[in-house]
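For clarity, chains are labelled A, B, C and D in written order, and residue numbers in each chain start from 1.
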Amino acid sequence: MNNPTIRVGIAGVSGYTGKEALSLLLKHPFVRVSYVAANHTQGPIGQIYPEFLYRTTLVCRKFSVADAVKHCDVAFLALPHTESMAVAGKLLKAGVKVIDLSADYRLKNAKVYTQWYGKKHQDARNLANAVYGLPELFKVKIKKAGFIANPGCYPTAAILGLAPLLSTRQDVVSMVIDAKSGVSGAGRKAAVELLQAEVSENFKAYKVLSHQHSPEINQVLSLLSGKVVQAHFVAHLLPINRGILNTMYVQLAKGISLGQVHALYEKFYKVEPFVRVHPLHSQPEVKNVAHTNFCDIGLAVSPDKKMVVVTSAIDNLVKGAAGQAVQNMNLMCGLNETEGLL
Amino acid sequence: MNNPTIRVGIAGVSGYTGKEALSLLLKHPFVRVSYVAANHTQGPIGQIYPEFLYRTTLVCRKFSVADAVKHCDVAFLALPHTESMAVAGKLLKAGVKVIDLSADYRLKNAKVYTQWYGKKHQDARNLANAVYGLPELFKVKIKKAGFIANPGCYPTAAILGLAPLLSTRQDVVSMVIDAKSGVSGAGRKAAVELLQAEVSENFKAYKVLSHQHSPEINQVLSLLSGKVVQAHFVAHLLPINRGILNTMYVQLAKGISLGQVHALYEKFYKVEPFVRVHPLHSQPEVKNVAHTNFCDIGLAVSPDKKMVVVTSAIDNLVKGAAGQAVQNMNLMCGLNETEGLL
Amino acid sequence: MNNPTIRVGIAGVSGYTGKEALSLLLKHPFVRVSYVAANHTQGPIGQIYPEFLYRTTLVCRKFSVADAVKHCDVAFLALPHTESMAVAGKLLKAGVKVIDLSADYRLKNAKVYTQWYGKKHQDARNLANAVYGLPELFKVKIKKAGFIANPGCYPTAAILGLAPLLSTRQDVVSMVIDAKSGVSGAGRKAAVELLQAEVSENFKAYKVLSHQHSPEINQVLSLLSGKVVQAHFVAHLLPINRGILNTMYVQLAKGISLGQVHALYEKFYKVEPFVRVHPLHSQPEVKNVAHTNFCDIGLAVSPDKKMVVVTSAIDNLVKGAAGQAVQNMNLMCGLNETEGLL
Amino acid sequence: MNNPTIRVGIAGVSGYTGKEALSLLLKHPFVRVSYVAANHTQGPIGQIYPEFLYRTTLVCRKFSVADAVKHCDVAFLALPHTESMAVAGKLLKAGVKVIDLSADYRLKNAKVYTQWYGKKHQDARNLANAVYGLPELFKVKIKKAGFIANPGCYPTAAILGLAPLLSTRQDVVSMVIDAKSGVSGAGRKAAVELLQAEVSENFKAYKVLSHQHSPEINQVLSLLSGKVVQAHFVAHLLPINRGILNTMYVQLAKGISLGQVHALYEKFYKVEPFVRVHPLHSQPEVKNVAHTNFCDIGLAVSPDKKMVVVTSAIDNLVKGAAGQAVQNMNLMCGLNETEGLL
């Protein structure tokens, strides 16, 4: 093959998302990881994360825009929310392709951003330039993009699970997204409520009807269905490391059979390499997508045909973050979409 | 106090529910465990379950109705579904009080039973005699009962969570019960899908819209709300040992404020010792009810007031099985409802 | 019985050990928890720990010696190491019985304390007054004591497992303590290395041959065996909440048969209510002692009879901390040793 | 590149080891998985293991020697112990290269085999032909071999951890291998003691001083050290899916410093791609080797220099089974040793 080597940098490599990106990119045949940085952690990667011992000589630096510009064709920003918007614009201006894995550029409306993330947006004019990086829905735009807002983990699972049904523009009476995520979704931060002794053998709902991923989900679902959608979203914390399973309940005004809805989903995702619609009467499980970029989908319909239950499973760190970012990078750089991901 | 000692037997002590009953009854101040039996396991309890080593000299026998009649005032039947109905009638006839922890007498309609449990009911005439043992709703009947159908674990959490709202007889547009249970709910049986290597770091929905606890839930909710209720019930398997958390979504035709619904729940359960309605904006967690007979309840309402989200948490082996059975026994025998349970 | 009610206070109730003490003491028939305090957390207990919701109206205060003196007959100090020594002496002086669950008074030599805990001892003159609270070995002293140094979790499991063998004063060629503990042993502190995402599906040794519990173990084993003992101690972190299992390897100069060593252990612990020597060829498991004050012990001997392998299991928060403290309190106050613990 | 495609078959693909082999081989650049079989499970791989859904069209057949001969250049036998010896000889005779992942050809003495595995060896004359497939020790022989006895998981971790030290032929006073393994090591069999509800939040020793991997370990360690070695081996069950950590205690007659022993290990494994000797004062963790073919090693020495503590961590399904088998295959087939494994 004749692919050039892409120089990729990762800002925020000390978090779980950044680490997952590093892990994927080190195995990518057309990538050289040329720069890794973080704000609060420095040193050889093999010391920070001994799983990389003797596998890379990369050294994590304090993040600097100038260094990133010098070393990178593409920058993965795996920074905490509200930190990406301080640097993304500068990198773009200097000609670096940017994939932002934070939430900073996902919401198109700066006011809505402030309402949910508690800070004024510092780079609002670039909101319109960020392409929402869900390849199964926006592939054409992504291929031409220089700037990607990589979707959130819950939204990825929710939107992929609901898109085929909502795109039929049926009348929806009520829509519920009951979402469950493993703890790595909360990031690598010292917090009592994320301790093993608090999380294991436990389960709880949190931010009930008030999770910051709600507006992101509603924004995209509204676009797809051609009208304002207000899904009822409840997040739960699973005592597992990685993985999301969303169970979604769509109460329809007019019924649809299981056969119809299954055919609809199979057709919708026919050419997509990373979405697997399960055979009839078979359900996705988190373990089947763990450490992969797949989104697995299951379907069921009530006897009166008016309640459609869609389940979708992803690995929150891969398809819900770093894997999707690599998929976006592949598309942006003219590579095969699945490169480094199968 | 002047309470007599009650002689209690446990059939099916080799399963998780039977073991939990044993554990609770051994600490009960007014009970002597007089008989423990199982169909496929025999021997000293301390050998079968080393956690009881040197704590009891009880020996597990092969179950026999005659032995049970001879030794017991009250019999706990912790047998597999479809095995209780072969013996409950005989015990009752001999004057033994029976608390059946299986599903055999929960459904009032023998045909519905057959449809969901796959076997003709062998003791249908006793269905009408079995009191559904959910003390928070049917305490008066339980106090007079000689025969209790102890509720299922999912139904206990679902019904306690929904009863206050449905008893207002509001118009319900759509009702979803998204239920998650730890593995002990599946019983102590050798099955590949229950292995640690299959369950841990995993999560999945199962029996989607087709779980055998659905008709039990709908039967009681219909009674409470005065009309036929068809809740959409989906069960999930949590990688924890014990505990259930149900997240329930009730879409109402007419709105209700969070303050109103919270006041309603507080009033409904005001005198109940085992239901804890959480303070506003606080949510139940499985770990807070583990190893207890509590049912914890949380509430949220959507901005348009038409979606009420109720969360309820119980320990499936305690409030969802053996603890509730003890609570029923206390009521049947004229003891304090909480005896041996706090 | 005619036992008076003992007023007990807990300093450090916001940690796992303090919480466990509260849980046990609330159920103790002759105790009234009269005071709960912490240094960094205040408020109603039911808010700090929702598992206590509606079960107690206790409010956690900022710890003050004056308040403790006013409200308590007995004070449980569940404070971090190096904080107890600032207050224990004052409480004792004011006539309060003190059970210190920290490490501050376990080591008899103030210099050794400083070497391992990194701080000069502020109350060295009270070291001699503190009775080491391992009831199976020092019961007579404990009954007369006003001040208890409650043993560490690893030392409890190690010493109970080795005491019968070492008390025979055999020649020991080599002694290894391979210890494994659940995460609650590390306390309730926000630390990245204790996150669920770091601990679950993981296992590691830590502080290899350099754990601060080594000198405590060696101090007591030396006392028992009548000569200086230097056991090789390695701690490991188990991905479970609670429980310790120690596997101990004693290479003897002269052999001993399994029958002999088993008889020795059975005799040694014959009258002890909380030590269970397993039947021959049966091994302890953490789950059998979880939430109990038991120490379970298993034995094996190599074919040449010179290697004795002792396994011991405890719940680190109960027999390894709060339960043992209650056992000590019972003895100090003339109660039945098992009161509130079975 | 000019490597030919190797046709590889897997017998016993329905177990965890067989599945791991399939997973690795599907990604191997010079392998075509040409045949998958099992004795008790048949059907499309994507149905048996939905993680392979749409990733392979392979169908699992009932195992037949004739089919294997027809389709395979190399056969991986991931059959239960005592089943491999019925077929390995026939495959070899037909010219198929065989890598046996069972224990059937690891012990050189047929009588010792019978003693530990309870069955007469049916193919004893091939015992001498089987090369013990631990590449770090026997690479030259493996390269020329047509038949590999792939090492056990515990022995791999134990031998790699002890080899450098024992090869110095020091006088050893006592040697302990305290081994801990995740549950996948027990295989994918329906057994109550492997249920999530039994294993999670639990920990125990099992087969204390009587595990069937003992003679395998002692056979190789004796070879390395030039005298009969009798290590004291105790296995424990960790509540994790995959991973082994062995903590090994070697009491020496004559002391060695940490610096010396560390230099010794670094030199011994200098050119080995899959053994990572940790930097001084750093310890291996199971999570760092999970899903990899690495063996990570840590070292500590007691103050008197006579006790060396070696810790070694592997993934029991990869370096302890399927990954090591691929490594052996690579060597046997003249490929780069790391092909498909990094």
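The rule is simple: a residue touches a chain if its C-beta (ideal position, glycine included) is under 8 Å from a C-beta of that chain, and two chains touch if they have at least 3 such contacts.
It should be emphasised that the depicted structure is a prediction, and the values quoted were computed from it without experimental measurement.
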{"item": "Subunit C against subunit B, contact positions shared by both copies (same if over half, else different)", "value": "same"}
{"item": "Equivalent of B-D within the choices C-D, A-C or A-D, defined by over half of its residue contact pairs recurring", "value": "A-C"}
{"item": "Subunit B and subunit C, separation of their C-alpha mean positions in angstrom", "value": "37"}
{"item": "Chain centre separation (subunit A, subunit B; CA means) in Å", "value": "39"}
{"item": "Separation of subunit A from subunit C, taking each centre as the mean of its C-alpha atoms, in whole Å", "value": "46"}
{"item": "Residues of subunit B touching at least two other chains", "value": "198, 200-201, 239-241, 284-285, 287"}
{"item": "Subunit B contact footprint on subunit D (complex, rising order)", "value": "16, 182-184, 188-192, 194-201, 239-241"}
{"item": "Subunit D contact footprint on subunit C (complex, rising order)", "value": "173-174, 176, 178, 180, 198, 200-206, 208-210, 230, 232, 234, 236, 238-243, 245, 247, 249, 251, 283-287, 290, 298, 300-302, 304, 307, 309, 311, 313"}
{"item": "Complex contact set, residues of subunit A against subunit D", "value": "27, 49-51, 53-55, 200-201, 276, 278, 282, 284-285, 287-289, 291-292, 296, 342"}
